[in-house]
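What follows is chain A paired twice: with chain B in the first complex and chain C in the second.
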Partner chain A sequence: MSKKVLVVDDDPDVRSFVVTVLEENQYIPLVAQDGVEGFEMIEKQKPDLVILDVLMPRGSGIRLYRKLKTDETLNQIPIIMFTGIALRSFLKSQKALDEFNGGEIPRPDIYLEKPVEPEELVAAIKKKLG
Partner chain B sequence: MEIKKLLFVTKFEDLCYSALNSLLALRRAALEHVIFLNVIERDKVAMKRGVGYLKEEEVKLKETANIRFIDWAENLFEMGLEVGAYMEVSSLIPEILRVVEIETPDLIVIGHSHKGPLEQLYAGSDVTELIRRTQVPILVFKHMMEDNIVPEKLFDRLLFATNWSDTCPKAVDYIKGMKNAIGELHIMHVVKDSALKSRDTHEVQKVRKAERKKLDDLCDELEESGINARAHVYVGDPQREIEKAAKEYQASMIILGSSEKAAVLERWVGSISKNIADKSIFPCLLIPGEKNI
Partner chain C sequence: MTANKILIVDDEEIIVRLLSMSLRSDGYETVTANSGEQGLAVFKSESPDIVVTDIKMPGMDGLELLKQIKEIDPEKEVIIVTGHGDIDSTITALQRGASDFINKPVRDEALAIALERAKAKIAIRKKLEEYTENLEIKIAEATEEIRRKSNFQRLLIKSSNDAIVAFNHDWKVVVFNPAAARMFGETAKDVRNKMTIDDLYSPEIVKIFKHQATTEIERGTFPWKEHILHTKDDRQIPIRYASNVLHEQGEFMGTVTFFQDLTEIKRLEKELVQSERLAAVGQTVSGLAHYVKNILIGLKGGSYVVDVGIQKNNTEKFKTGWETIKRNIKRVGDLTQDLLTYSKEREPEFEVCSPNDIVEEVIDLVIDMAGLKGILVSKELDPDIGDIIADFQTIHRSLLNLVTNAIDACLEDEDTSKKHEIKIKTYKDKNDYVCFEVKDNGCGMDKKTQRQLFNPMFSSKGGKGTGLGLLVTGKLIEEHKGIIETQTSPGDGSTFTIKLPYERSNTVEIN
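The block that comes next holds the complex of A and B.
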């Protein structure tokens, strides 16, 4: 059975690129255009994988990532971060939020900095989903 | 009212990171979320005879904005702030209003636009248009080409000029929300020359005394909230006197109310708030009245 992959990104060109890559590789694409819509989709659709941008309107990928990792029912969903924000900044932000909120959020398994070639994205998806 | 979320509207040449950086003092108050908005005016990418829609130009302008926003966002994310961004081809004011509706910010920060006197007469400035159509307070930064360097400590010395209009309580409430970011606050009221027309010195002094008392009461109220406040009475033309006070007390920002009445009248006569926001060298925070739509 094909697996569902949710792409959360505010850029329609990026969504279109990822959807094409997913369809060509027999995954079922789902799309959301910001952090709020992304969380609603995740709760409703329970995707097998989330491809997550960081800098978006209505809730960034940084907050959504934390929300998912601290949610007992959703924290096992694998996440690929797919963004123009540098990994270094992402990790620093998580550290700042860890200090502020207490607790420690695990690092993302895969962090892809845009742009990437389709092969690189497919390899990352296959690594998580097989 | 606390400033938890601010909308930073930039064309990059009018507002840059130094302006944003000066606003980060609001983190000491309540700031936790910054939204960037860059509006690419339609005429920059509009259909042109023989060329059509300039898609390449749109991509270039959007990516240029994206690169700046990513750089700024990285800095803010690293501080633990939440950040969002919009880059749209649209018209400035409708797009600001659309984003305000989606994001419900507590403050809009905008650069001062440079329209000619004729354009302003017929169309009004962006700031005038915006304050007429939103309830959200607006902080107006000035163009960087003017000899107005963004103050590093924007909240160090605020000058609140009040005319005791219906916007005064809202402005006071807003100022209280910034208390942890404020260094000191100067509160002033300008008594118009006409109010002092009397043959009796005693009557004239009574006017000053009454105004001073009202200002002192307001200072007491603000000091109870933890804000170090001082009162000043000036006499004369409000616009000129507010500018004078800002210079005398080396204000880092002027805070003004903008009443509905003024918004209706200003196309014809020019309100004090609009004129100061347009002409002052100081950043101006404009607080709209409750029914200012």
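The block that comes next holds the complex of A and C.
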């Protein structure tokens, strides 16, 4: 059975690109355009993988990432961070939030800095979903 | 020193001796003579303070002695001793400057009184002399002090870096220092006491000066004002000047004006603005890199989707990808435009334009796009607003920018139950500003966002904004001496108003 992959990104250009890549590789694409919509979709559809942007209006990727990682029922869903933000900046913000909230959130398994070639994205998805 | 030495002259030896004895016993020092000739000789050798002389004497009489003494020293006191009924001689004596007369036979008291009077006269004269002498010294001192002070002030005016020009009550130039000569390109020789205010200043300034001088006797001070001075040798100098109307006891005396040459300051200001602009662009580079990267992502993604569409002969995919590419090409265009506007000093091209027409054009551009997203765009235009002189491009661009922001603010709004609406108004406010108001009921802004609005690099739109839009708008409106006002409240929407000074937009020179 085809696996469901959710892409959360506010940029329609990115969404249409990722959706096309997913379709081409026989995954079922799901889309959400911000963090809030993304979380609703995850709870409802229980996707097998989430491709997550960082900078979005209404519930950024940073917030959604932490929410998923601290949710016992959802923290096993693999996440690919897919963003224009440098990894260094992302980790810095995570560290600051860790210190502020206490505890430590695991680093993302896969972090892709846009722009990426379709092949790179496919390789990353396959690595997680087999 | 009191007058103490007395010369007694009488041809009668006995009288001389009696008087002498009597006066000595009163404490006077006496010298004597028995004739007019002898009296004159003793007068010359002994230099008495007071002379007491008989009138009738053989040879040189008292009147002749009096005359000669007065010729030698007109200030000596001479008391005349006369016989009874000798009125004519007495009058002659008094006319010749005798200080007093006593009748024969000489009584001691009468003589004492006459002497006291003579002494008092001498004392007064001495005091007067001293006083006069002091007065001369004091006047000399004061004159020197005034000379020193006025010299100091003259040097002060002369050496001042500010040009100083003063007019007297007839509006004739009375002070024209070297700095003024340099500034106006005239020599002091040609100006001072020759030119009037009308020869030197522009009619507009003359009017202000004369008005001030005649109406505002109490408060005759002008604040600093800036002005462009057109000199005789055809230079244009940016200056600032301040004036004072001078009064003396309520009477108009004249005016004085201080001019400062702002050429250097203006040049530095211009440099500063230019370097600030470059710095702002520098700061924005990291934000720009991000923005360019986003465009690249769009273009790459779009071309991939187009490829898939071609391979699979999928028109839907082809269209989606192509739209993405087109959208991103437009983003490159917008960015380039923004960068050019901001980094270059573009001279505004002023022309007559109608505020309402600008609004109509902007609405035409956005109404379809806004409609697709469920946003209503409406207008409320003042039909009597008239024409303004402004750079059409600038106002158009600035207004479009604000309207685009308003649309974004509606799209960002979390409250999707709202009927989103943007209203564009034109009107003239009470200060005669021509106003363009863009009001939305979108997401609004918090205080922090509002503060950062006109900073470079700042964008509340994540990767979608260059952070240049409002910065560019701010700069453009500033070039028109206009202002942008912001009113906002989170959740309720924002109102941005461009205000252009009406007078300026109407009177600014058309280049």
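Here are a few things to note about the model shown:
By our rule, the second predicted complex is superposed on the first by the 130 of 130 C-alpha atoms of A that agree within 3 Å, B and C clash if a C-alpha of one lies under 4 Å from a C-alpha of the other, contacts with A are read in each partner's own complex, and residues count from 1 in each chain.
Here is the rule we go by: a residue touches a chain if its C-beta (ideal position, glycine included) is under 8 Å from a C-beta of that chain, and two chains touch if they have at least 3 such contacts.
This is a predicted model, so every value here is computed, not measured.
If you put the two complexes together on chain A, you find that chain B and chain C bump into each other. Of the two partner chains placed by the overlay, chain B and chain C both lie in contact with A:Gly84.
Once the two complexes are overlaid on the shared chain, A:Ile62 sits against chain B while remaining clear of chain C. In the superposition on chain A, contact of A:Lys92 is made with chain B only, not with chain C.
In the overlay built on the shared chain, the residue A:Phe100 is in contact with chain B alone; chain C does not reach it.
Of the two partner chains, neither chain B nor chain C is touched by A:Lys3. Overlay on chain A, chain B versus chain C, candidates 63-71, 189-197, 225-233 or 243-251: the clashing stretch is 63-71. Residues 10, 55-58, 84 of chain A lie in contact with chain B in one complex and with chain C in the other.
Residues 290, 293-294, 296-298, 300-302, 304-305, 308, 317, 320-321, 324, 327-328, 412, 414, 461-464 of chain C touch chain A in their complex.
Note for the complex: chain B touches chain A at residues 35, 66, 69-70, 73-75, 77-80, 82-86, 99, 102-103. Across the complex, chain A meets chain B through its residues 10, 34, 54-60, 62-63, 84-86, 89-90, 92-93, 96-97, 99-100. Across the complex, chain A meets chain C through its residues 10-14, 16-18, 20-21, 24, 55-58, 84, 114-115, 117-118.
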